[in-house]
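Both complexes shown next keep subunit A, but they swap its partner, so subunit B is in the first and subunit C is in the second.
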Partner chain A sequence: MPFFRVIRWVAWKDLVSEIRSRETISSMFFFALIVILVFSFSFSMDQEAARELIAGIIWVAFAFTGIIGLGKSFAAELQNDCLEHLQISPAPKGAVYLGKLAANLLFMLVVEVILFPMFVIFFNLDVVEELPLLLLIFALATLGLSTVGTLFSAMTVHIRAREVMLPILLLPLAVPVMIAAVEATRGALNGLPLSLYGNWLQLLAVFDVVFTVLSFWAFEWIIDS
Partner chain B sequence: MISAMIKWMQRYEGWVGGGAAACLIVGLYLGLVASPPDYYQGEVVRIMYVHVPLAQTAMLAYSVLFGGSLWYLWKRDPVVDNMCHAAAGLSAFFTAGALITGSIWAKPTWNTWWTWDARLVSFAVMFLILAGYLMLRTFVDDPEREARYAAVLAIIGFADLPIVHFSVEWWRTLHQPLSISMRGVSMSGEILRPLIIMGIGFSAIFAYMLMVRTQMLYLRRLLIAKKGRLLSQAHLSTAGSGSPSGT
Partner chain C sequence: MIAIRGLALGKSHGHYRVFQDLSFEVAAGECYALFGPNGAGKTTLLRVLATLYRPSNGRFEIMGHDGVAEKDVVRAALLLLAHGSYLYDELDAEENLRFALALRGLAPTDRQIKLVLDRTAIGAFADLKVRFYSAGMKKRLAIAKAMLIRPQVLLMDEPYTSLDEAGMRLMNQYIRDIVKEGAAVLMTTHDRLRSAEVAQRVGVLDKGRLSHITVDELASHAVF
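Let's turn to the complex of A and B:
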């Protein structure tokens, strides 16, 4: 089966089942709303403090909701032994990985795009000019989270205590992504010139490339059994 | 049949352990007694002779883990997996030691237990990755799968560490220049000599512990396999005609 067709079919399959059940995206969305709520109670923020803190709050909310979506990605394949069929199918394993990655990336981005206006409303942000740049930052950082996240989702699906192990494995590795995403988002939200935080976008791009290649290679060892 | 690697370890572990003990005794004497106190830091500087070797050995142990993980994925030798498991535990142990001694050293010299410096954060992240690695191993039921997953995690984590170090360095230098840095310390021979001897001693004691621990994990695996065989035999003989037939 041609490589790219497999990617498309795997992603499309996840998309269709999500459109029919709406389980993943709705649970991610409501969890994120709760995170926003908890943060707004935890810090009493005026306009000035909000500008400093908001980038961190956005990325904590995005990372935590991302973990919820990633955890469901392969756990859903356990039903009707779908995972075993993916394993024994002659389709190239790397293409299966890229298909799952595309679906996860899409789900996370959809949730982020729905959530971001909530941040704008609740924390009174002024974002109109920087919107394309913010979307680019979101896309790069979310790809970084979901490359390793998709691999670890496949890894933790067979083990005990998988809901705990996914964040324990993923978050330490995602430290560079979180730092870069928060710094770039803060720069964009405060209207700084791109030259001051453009290097964080480069770091995100490097992380994305390195870990897409590594996870693509490693997926064969994870899924094969 | 005992694996050739385990036999090799059994033959040489005594020499390595003895060498480690000798280096550590000489190094501790030179470091704690013979070397002069630091001009600025006074006697406090002597913790360096433990802290720096601990940190180096932690990185050495992770490198062994990385190399072993690649080797395992290539050859699928269960003994190599036992060695990786041992190296990960030791690396976590030495990393924790480096973080603790570093904190103790930082308090009198930098006047803080902790600072978000690139090296400190990299070591903290390394410790968390290794802790995740060891936890992952306890949660996988199938030994072959456990070895495979662990090897992949070790390799991915190894690739991450330079990026972590780099990003934290950038993060801090963009915000504020580090007021405290360990760079630019030029050393005289009196300080350097015990440091090198302690470094060799810690590497040797790591090698010794790695050999002992690998053998332990290897024997445990053999024992579990044997127990499984005996249990299934017992099960077969009782589930059969009911007559005792196991000889």
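Let's turn to the complex of A and C:
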């Protein structure tokens, strides 16, 4: 069974379905937009204060926006019993997981790339120099959120209150990612030397590796249960 | 040997036993029609054989492989045509076929896809998203998928539902073809007339027990 071909097809199927329906991306985008507007009108900050607080606001918006997308990832498979089809297909379940993860990661990154310039505008941030580092932080933290989020999305898909259960299960496990992401983002926005917050980036990288491996391994058991 | 073998198969939901001690075989190149009243456990039996449910007692083999211990091999050998169409609404017919086959490591050519879409009379709607398909068209597309996969074991849950007359004839022709190729076919159905055209053996599942009748007895049988 060509493992990478299955990953590519699963990711392709999710991306094409989303591009055509625009159900998930649009709800993620509008939710995040509301968060930005509410925070920007609630706090009137100078650039100094904004650099201190904005990291937390960014990750609150990114995390909850991501949960909306992750929640729909496996719920969409319930239509026409497609989840059952994935379950009984001979495709390697790890490849199905990685395909789903790739699609979820891309959705979240696309939304973040659209939203971040809005944060820059609304909170009057100057981020040109730190942009490459910020993109690295976003990529690492978003991978961390989506790797456990994809697994929990599969776990909660048959639960009636899955929209409530997913954040309840996901957020406690994602606390290390959130803290590391906020600290690293704050460090980058304040132009601090990398040595002062580089350990948070290391934590993100370790989290990504550990939870991608664990989720890959656990997915077959979860989808078959 | 290409066969489905259910040996003392049971499945329980709490204290309620859906069926118990089922023992029967479907040989290669044979079509077996399973009848029974609503709630008799026909669909549950198919879902156990398709490795969706784990039997609580007993065991079964597909193509000589244990259905629980060798799940991956079993899944590669069989195809389940269930009530759900297993189709993605936002994809068109060709995309759905390519995706379903990719999950099995298969890559059909454009010509093969065109051929099965034309045979199932879906060709004219091939570019249409599946969300606009009727239930009958979805069923036809499922037949097209089965034609491309050519499974060794085919499980079908009420295959004639939603199909028009031409669709039912198409379904029976497909069953005849795949049986001729040596596949073992197990279908659950309530359609005595259509199933009698293709089934070699008939079973009746009622109150958790299986009994066998001949195809000729089908018309007069009173249990369902």
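Rule of thumb we're sticking to: the second predicted complex is superposed on the first by the 221 of 225 C-alpha atoms of A that agree within 3 Å, B and C clash if a C-alpha of one lies under 4 Å from a C-alpha of the other, contacts with A are read in each partner's own complex, and residues count from 1 in each chain.
The rule is short, and it goes like this: a residue touches a chain if its C-beta (ideal position, glycine included) is under 8 Å from a C-beta of that chain, and two chains touch if they have at least 3 such contacts.
What you see is a predicted model, and the numbers here were worked out from it, not measured in a lab.
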First, second, both or neither for A:M165, with subunit B first and subunit C second: first
Partner chain(s) touched by A:S89 [first = subunit B, second = subunit C, both, neither]: second
Touching partner for A:A139 - first (subunit B), second (subunit C), both, neither: neither
First (subunit B), second (subunit C), both or neither touched by A:R5: second
Partner chain in contact with A:E183 - subunit B first, subunit C second, else both or neither: first
Contacts of A:D81 with subunit B and subunit C, given as first, second, both or neither: second
First, second, both or neither for A:S215, with subunit B first and subunit C second: first
Chain touching more of subunit A, residue-wise (subunit B, subunit C): B
Complex contacts: residues of subunit A adjacent to subunit C: 1-2, 5-6, 9, 12-13, 16-17, 20-21, 79-82, 84-91, 224
In the complex with subunit A, residue positions of subunit B that touch it: 73, 121, 125, 128-129, 131-132, 135-136, 139-142, 145, 148-149, 151-153, 155-157, 159-160, 163-164, 166-168, 170-171, 174
Partner subunit B, residues of subunit A touching it in the complex: 148, 151, 155, 158-162, 165, 168-169, 172-173, 175-176, 179-180, 183, 199-200, 203, 206-207, 210-211, 214-215, 218, 221-222, 225
Residue ranges of subunit C touching subunit A (in the complex, touch as defined): 50-52, 71-72, 75-76, 80, 82-91, 95, 98-100, 102-105, 129, 138
